[in-house]
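Right after this note come the structures.
Presented sequentially are two complexes of subunit A, the first with subunit B as partner and the second with subunit C.
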Partner chain A sequence: MSTKAIESLSEDTVRRIADERDEPEWLLEARLDALDALETAALPDVIQTPGRRWTDLEALDFEALVDPLNQSDATERTAGDDEVVVLPFTEAFDEYGDVIEANFGSVLDADHNYLTALSVALFTTGTFVYVPEGVDVEDVKVRAEMNSRSLFSQTLVVAEESSSVTILESITSGDGSGERVDGDRYFSNLVEVVAGENANVQFGSLQNLDDDTYTYSLKRGVTDTYAAIDWIESNFGSKLTRSDVETELNGDGSESQIVGTFFGTDDQHFDINARVWHQAEHTTADLVTRGVLDDVARSVYEGVQDVGEDAWNTSSYQRENTLMLSDDAEADASPKLIIHNHDTEASHSATVGQVDAEDLFYLESRTINPRTARNMLVEGFFVPVFEEIAVDEFRDDVEELVVERLQ
Partner chain B sequence: MATLEINDLHARVAEEGGERILRGVDLTVNSGEIHALMGPNGSGKSTTAKVIAGHPAYEVTDGEILLHLDEEDVADVDVDLDDDDYHWNLLELEPNERAALGIFLGFQYPAEIEGVTMTNFLRQALNAKADEREELFEGDEADDADDEDDAGYDTSPMEGPADDGEIGVAEFQEILSEKMELLDMDEKFMQRYLNAGFSGGEKKQNEVLQAAMLEPVVAVLDEIDSGLDIDRLQDVSKGINALRDEQGTGILQITHYQRILDYVEPDHVHVMLDGKVAKSGGAELAEQLEADGYDWVREEAFADA
Partner chain C sequence: MSSQDHLKETNTEERFEFKKEEKSAFKSEKGLTEETVRVISEDKDEPEWMLERRLRALKHFQKMPMPTDWPEAPDLSEVDIDEIIPYIRPDIDVRGGVDDWTELPEEIKDTFDKLGIPEAEKNALSGVGAQYESEIVYQNMQERWEEKGVIFCDMDKAVQEHEELVKEYFMTKAVPPSDNKFAALHGAIWSGGSFVYVPEDTTVDMPIQAYFRMNSEGMGQFEHTLIIAEEGSEVHYIEGCSAPKYSAFNLHSGGVEVFVGEDAHVQYSTVQNWSKNTYNLNTKRAIAEKGGRMEWISGSMGSKATMLYPSTILKGRGASDNHITIAMAGEGQDIDTGAKVYHNAPDTKSTVESKSIAKDGGRTNYRGLVHIADGAENSSTAVECDALMFDNKSTSDTMPYMEINESKVDVAHEATVGKIGDEDIFYLQSRGLDDDDAKQMIVSGFIEPITEELPIEYAVELNRLVELEMEGSLG
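Entry: the complex of A and B
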């Protein structure tokens, strides 16, 4: 086992967190199980190419990064509608304890890896979203601001039969108006989505933490029959980001789309992963990620489409494109297609390239200066993923961040 | 009257041991004139066009490309001009600066650019032209500030402070509709991405549209007639004639075929061979080439030498 024991972590720490939050016994047990799992759990797999381990999670100094009892955040949650429940867990246990208990951890095992176990054992923020049967809401927003050395967040979305919900989450660093935390920080974000029969969940996440922060994010959803889960995963901030977005297509006729964008500058590092498991008949998946790297930024992408034995009549598409704006940026991409059922229509592709010199010359020959021309091409590069983002407000936010980085 | 003057132009492919392509091109195009540049494949026609526009794939090893302007070409410029402002050495200028002075290159194979709509592109280009001209004619102070740090824009050049000269939406639409009508182009074009998925003919129409919008003093059109059906050829020809008749643009038209010259009648015809202009004449020269090919020109050129 490569990970080190973290001194500040003990059963006592975990009990104090659960106690302060007045949590039910089952959740304390779940946290303690997660704590135990730390003994044996490994860090997440990362892409390795000969002579190179692309994301060196083992080099992270968790001892210094993790400060479980001083977690602090300012999180605004808006439901936009009375029929949907959007609450921190602590305020939801009384009324929705049963729903939470039935679903918490049903999508994502705490002992999935070391970082998930750490997160479940220590989380102090996050959101419970409950969309009852037949309810249709578009404006659920969660705006989180991280204000401490480390912050662990856990979100659970339960969408019942024939419900529909659009959730937009944004994560930024506090402006330091509170007590200033200098040096490296760690943000962990676990999201579970349970999409019931014929339910429709759109979950957009925009991460723009400051460049002292290391981010680990794992979002996973499970679909019932005819359900759809669409993810939009946008990563702009953080020094190092490890992001996994995953859907298990467990119901016949269910669908998932995973749209990703990232834009790295300076020495930012993104480890972006999109995975889908086709485990029922007539399921459809569409994975689209586009990223831009400037300066000495690096990215590594892994996309997996896994078509199970029983996944008859599967449609599965994946494409990833990385655009390099600097000779010193580096990218690696590995799209994987695993097919155990021949009744599949699938495609997968990944490209890493630079701004096309002929395109640039074309724009310049129309009086546009080289810098503007390049920026137009970069914005144009993102357009195919913007077009997949159905929520105008979210698309505008992402576009704004792209433009900001181009200046 | 503006004049594009090319003297003894030598150019090669810009790489170690790159092939020498242009071996002493001499050519003068005045505004309001239509020139046809013909010649067999590999004679250097397209390279001439690209070098005029400043394509980075070629290195000029000798000769010069000058642009002489007169009062009417700088009527839009608000500042006091001295003699230098009327005479430009294009080889010292970036492609976008050459374009802003009024050089237009119609591409043989226009780039397809996803995600940038025609409307966005054309407005961007018109505004850039105004900004760039301001900088070019403003003189030394502006140049110094600009050279300091290419990457150091405080604000995006797209949203920068120089938007006082920006063309209004209504005005833009009006000019555009007029030009598109002339070229028989559908307005739906404007919402499409720049050349993306355009047919060969649509791309060529689009090149002429861009020339019409940018109002160049000299337009170099590289095989604008290739791959056009007869209807489209007529539309494109109408557009080219309008450039000359309405804007006084000088046209340097590179072509393989006599056909377009029936619609766009040249005042001068030049034949390129082996990287030089081997023979020049009037419209009748094109007909002679169509009938007899290029061999006789070559023989004549050799005999002269």
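Entry: the complex of A and C
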């Protein structure tokens, strides 16, 4: 996709980023390979129907959005327990270089698409989480603030055999106390999760960037035998968000849950994708997404349940529900089943609708004013996904953002 | 013998698979050039405007890409238009079809006898058209409909005799040649098909049927069906298709346009049993005015690859649409079918019911689109897809797309995929059925909600086809 070539990008830019961080040679090579991949990689696939392209990534002006050498963020990382390693990527090489080298890029290929290649070539922030065998931690938190034109983040989670970890990540825009960057911005977030045998990873992500920001986020996990990866993907901010959350169920008996929420107001555009590949026996997946749209906001949803030829005894479920609060909003959805093994129980459903008139009437008849009644019903709409969020603090944060948007 | 018994007792395989020696009065060269198009138009003695439309469609065809960039699109690499014989006029005396079977050459009459068409005509139909290769050879309708002003004739004849209507509706409003590559191909070299006109407030109470048969190796059939149902009228049109199997591929690329007037009701039923070397790439579309109702009922059993997504544009307030689809894919088959509905007015409703069965390495896909336009208030749509799979060599995909631009709507999509329950089979076996019969019975039960919507002759035929597909294929 040479039309997207960014002039300010060169091998020199990439070398400077790597040098400043004193990175090992293999990572520099990986970055340079990613840079090369930009020549041929295409933008992420976007759904097209006759006469319509659901999300227009082609319209993004990467030349203006990408400022590789001035990336800036303020990120707070807490481990909550000293048995788990939670470090900025750049500080982890001395001690954990081997673990990183063995796992980096094992889940996501840099040349997956143009935006992943860009991200791998240019990332300057991100977190390495390492959970050794048998360790059980619940309180890993990564709170990041974006303070520059563009920011590329790369996270790697390695959970060893029979370990268990809950990671909560949030990203917001800086309050401008530092140097203020006006105009459009671009945030790119790649997350790789490697779940070892019988490991259990819960990864919650909360994106609430300001409305000048374009966000690209791709999170993918791979499970070993009996492992479980549960994702919670909450999107509230950004002008345009493209979010992909994916699990490859490669181990027998492994499981994944992908819970998604979004709430769009004004002219926000959310392109939300949840995908799971069943590639082993006795695997289970559950995809649950709920979103609300107000004003002229627009959502695009694609859910894919792909059951491989050897995925005997698969259970796979998917639900997506969108609630429209405004006549001018638009909701597009495409839940897909790709089934190659008959020993499967798979279902999906999707609905789009508005607040139920009877429910509203009932509440109003109880003297609740229409606005409050509507807000109560919207909060109620999110309850099925809140219930899937096991971490109280994270649930509270998401609920708070919902309430904030209903004001 | 009732028609039902007749269908039951006929050996279905023999009924579809026989071949007849190729005998034609006129056969075009292989391939597609402007010259081919001119020759076809001239052989039909068409008015100038039709030739111009054909040539315009040809230009679109030459420009447009193959639909290969779709996700998981069927493999069409073998479809080389230059290898196709686009036009074969059968050797008959009367153009536009005779109205007495006995006037047909023996081998053509025998073909349709074997397919059970004259028998069905006697018992259950208001009218019948039969196409052999590129042209209609038989066309008849009961007199009482003719008296009421109902028109049912060969499409080529309609161009001559109902020129104004055809000129207004033919590939101008519903299926423009620019819609897709195969619609463009169809527009360039279409031949045969039916023209149906039902005047205001007229209810045609028994179905009319057209049967399309390809007999020659390597031919393409491109019939065009145009149905105009005026305000308050009602008609049920049934289409059947088959061909014997040859080693070279055949191509069927039909075009269907249906105009459902205010409060009119049109049902369009298809049972497609093309041979497994046929590529079946059709464009079918209906436009429904205020209060109009369109029903598409499709059974896709045959063909090597099918790409078929009957569409309805709900243009007037309160218009409605029902889609009922059964697809069955066995070894080497890729049945990619579904539905498209555009809700462009308030109070419109649509329902889609799809059942598919994949076995022996076959692939079925439900590919569907529901679009609700801004302002189409109080519209509702419900899509339900169920798939049954027999083995892990087969593939069952479901790819619905929903585009909702209006908030006062009720939109629901559901899909399930599963295998035949071991317990169900065990139960039936314990009642003395063998494994094959038990599976057949479960499959019949699986598609029953759809077959019960069909006229009895077609339900029986569909069940026979399903049984035939199942026979001996179960381990």
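FYI, the second predicted complex is superposed on the first by the 405 of 407 C-alpha atoms of A that agree within 3 Å, B and C clash if a C-alpha of one lies under 4 Å from a C-alpha of the other, contacts with A are read in each partner's own complex, and residues count from 1 in each chain.
Throughout what follows, a contact is a pair of C-beta atoms (placed from the backbone, for glycine too) under 8 Å apart; a residue touches a chain by one contact, two chains touch by 3 or more.
All values derive from a computational prediction rather than experimental measurement.
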Clash or fit: what happens to subunit B and subunit C when subunit A is overlaid? fit
Touching A:N375 in the superposition: subunit B (first), subunit C (second), both, neither? first
Partner chain(s) touched by A:V383 [first = subunit B, second = subunit C, both, neither]: first
According to the stated criteria, A:L325 is in contact with first (subunit B), second (subunit C), both, or neither; which is it? second
Of the two partners subunit B and subunit C, more of subunit A gets touched by chain C
Could you tell me if A:L337 is touching subunit B, subunit C, both of them or neither one (first, second, both, neither)? second
First (subunit B), second (subunit C), both or neither touched by A:T40: neither
Where does A:T78 make contact in the superposed view: on subunit B (first), on subunit C (second), on both, or on neither? neither
Which of the two partners, first being subunit B and second being subunit C, lies in contact with A:S10: first, second, both, or neither? neither
State the minimum pairwise Cα distance, in Å, between subunit B and subunit C in the overlaid complexes. 12
Need the overlap of the two footprints on subunit A, from subunit B and from subunit C, as residue ranges. none
Which residues of subunit B touch subunit A once you look at their complex with the stated criterion? 53-57, 94-96, 98-100, 104-105, 107, 110-111, 113-116, 120-121, 124-125, 128-129, 132, 150-151, 153, 155-158, 193, 210, 214
In the complex formed with subunit C, which residues of subunit A make contact? 45, 47, 49-50, 52, 309-310, 312, 322, 324-354
Can you list the subunit A residues touching subunit B in their complex? 356-359, 361-373, 375-377, 379-384, 403, 406-407
Subunit A partner, complex, touching residues on subunit C are 71-72, 369, 371, 374, 387, 389-419
